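Note that subunit A is present in both complexes that follow, paired respectively with subunit B and with subunit C.
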Partner chain A sequence: MEKEILELEDKWVAALLNCDADFLADLYADGIVYTHTNAAMDTKASYLAKIRSRDLVYHTLERHDIDVRVFGATALATCRWKQTSTSGGVAFEVDARYLHVYARVAESWQMVAHQSTKMV
Partner chain B sequence: MKRRFFLFSLLVALSSAVLAQSVPDATEAEIMQREKAWRAALLNVGTGLEETYSQHLSYHDWNGKTHERAVLIADVKSGQLKYQAVRMSKEQAQVFINTAIVTGELELEGNYGATSISRKAKLLHVWVKESGTWRLLVHQTQKAD
Partner chain C sequence: MKHLLTVTLLALLALTASAQANQKGSAVEQEILKLEQQWVDALLKGDADALETLYADGMIYTHTNASTDGKASYIKKIRDKASVYDKLEREDIKVTVFGDTAVVTTHWRVTSHSATAVHNTNARYVHVYSKIKNRWQMVVHQSTRIE
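This part shows the complex of A and B:
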């Protein structure tokens, strides 16, 4: 199970760097709670719209200390990430720790929450 | 006879539809109760925290630091960490079968030893059903701007 989640995490990174909104649409649960490092929140629809329109573009993304734990139908992935991105034409550099929550829904894992907390 | 059977079938179908809609709401209400109990436990020297926190609790503070379950409980029980106010606003719950996500804005006032705490943060809680009981698996906050 951990391996499956790690593979999804790798695919998630590739999807962000390639603006692959279709993959993200499959991965994200309809009710995903998506909280950015600046505490701004997105719904699935608003986040995917930003990716599709290239309003939000990830340029680089590095991860360290990836930890995956599975508890029955719930899985957690945490890691330290450093990324550079452009959002609404403004460049960002993020050094944060993110948490991903996956739930097993209809025989597949879906991401139900993403929260990124800035390292202080 | 046919009419009675039709009415009975209609009643069963309507009841099923009402039940199907009410189950998630009932679970969300249950989660909100667990949230309320968690806040009460923080204010009440930790009574009930052991039952609230999963043995696998992952606790990430607003500054990215992590805390151990045992230390968190001991700090509250010993009075080292003492809250005067624990308030939640904009609270929302989403249930995905045996996983529930709660978000909201958390306001804390209290003391850690001699250091006073006054903080407003965005909160994310993940609850999981363990042996029929919802327990808190993840607490993560981030500074609200």
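This part shows the complex of A and C:
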């Protein structure tokens, strides 16, 4: 189970770096709650629109201390991530911890929440 | 005529099923909101026993400064009064249910103190509940400062 989540996490990183909105559309549940490091929020539709239009582009993304825990039909992935991105024409350098929540619905894991918290 | 009756009957059945599903969704949401209130009450009272019940074994608590606690280390801080919550306000609470997983997000303002410092936090947190052994338990808290 943990291996399956780790594989999805790797695919998520690849999708971000390749601007692969179609993969993200499959991975993200319709009601996903996406909270960025500055606490700004996106829905599935608003996030994917940013990726598709290249308003949000990820340039580099490194992860450390990845931890996966499974509680029945809920799985958590947490890690420290360092990423560089451009959003709305502004360059960002993020050093933070993110949480990904997966829910097992109809026999498949979907990401239902992303939340990132800046390292202080 | 018989065909029309069958179609009407099927439509009625579908409507009833959909109403029941909505009611079920909202019942879960109400249950989660009740647990959220219990969590707030427990924090403000320093009620470590209530947190023992609310938090799943293995839960992860990521503070607004990205430091992390496990269930045991967090509850110890509450029991020892190393971390005391003085005031806690929530706005914009949203519950989304995905089968046996429920996600709560909210804007919170919290004043807390330790032996050496007072913290004023204006942030958004996510809480995730998982239905484990037929009981909803909190498996993660993570808070992000509003900038």
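Criterion: the second predicted complex is superposed on the first by the 120 of 120 C-alpha atoms of A that agree within 3 Å, B and C clash if a C-alpha of one lies under 4 Å from a C-alpha of the other, contacts with A are read in each partner's own complex, and residues count from 1 in each chain.
In the analysis below, a residue touches a chain if its C-beta (ideal position, glycine included) is under 8 Å from a C-beta of that chain, and two chains touch if they have at least 3 such contacts.
Note that the structure is predicted; figures quoted are calculated from it, not measured.
In the three-chain model built by superposing on subunit A, subunit B clashes with subunit C. In the superposition on chain A, A:A91 makes contact with neither subunit B nor subunit C. Within the superposed three-chain model, A:A73 lies in touch with subunit B and with subunit C [touch as defined at top]. Of the two partner chains, neither subunit B nor subunit C is touched by A:A14.
Look at A:L6: by the touch rule set out above, it reaches neither subunit B nor subunit C.
Of the two partner chains placed by superposition, A:A45 touches none, neither subunit B nor subunit C. In the superposition on chain A, subunit A positions 29, 31, 33, 35, 37-39, 41, 69, 71-74, 76, 78, 96-97, 99, 101, 103-105, 110, 112-113, 115-120 are in contact with subunit B in one complex as well as with subunit C in the other. Put simply, subunit C touches subunit A in their complex at residues 56, 58, 60, 62-66, 68, 94, 96, 98-101, 103, 105, 123-124, 126, 128, 130-132, 137, 139-140, 142-147.
Subunit A makes touch with subunit B in their complex at residues 29, 31, 33, 35, 37-39, 41, 69, 71-74, 76, 78, 96-97, 99, 101, 103-105, 110, 112-113, 115-120.
Residue ranges on subunit B touching subunit A, taken from their complex, read 54, 56, 58, 60, 62-64, 94, 96-99, 101, 103, 122, 124, 126, 128, 130, 137-138, 140-145. On the side of subunit A, the complex with subunit C involves touching residues 29, 31, 33, 35-39, 41, 67, 69, 71-74, 76, 78, 96-97, 99, 101, 103-105, 110, 112-113, 115-120.
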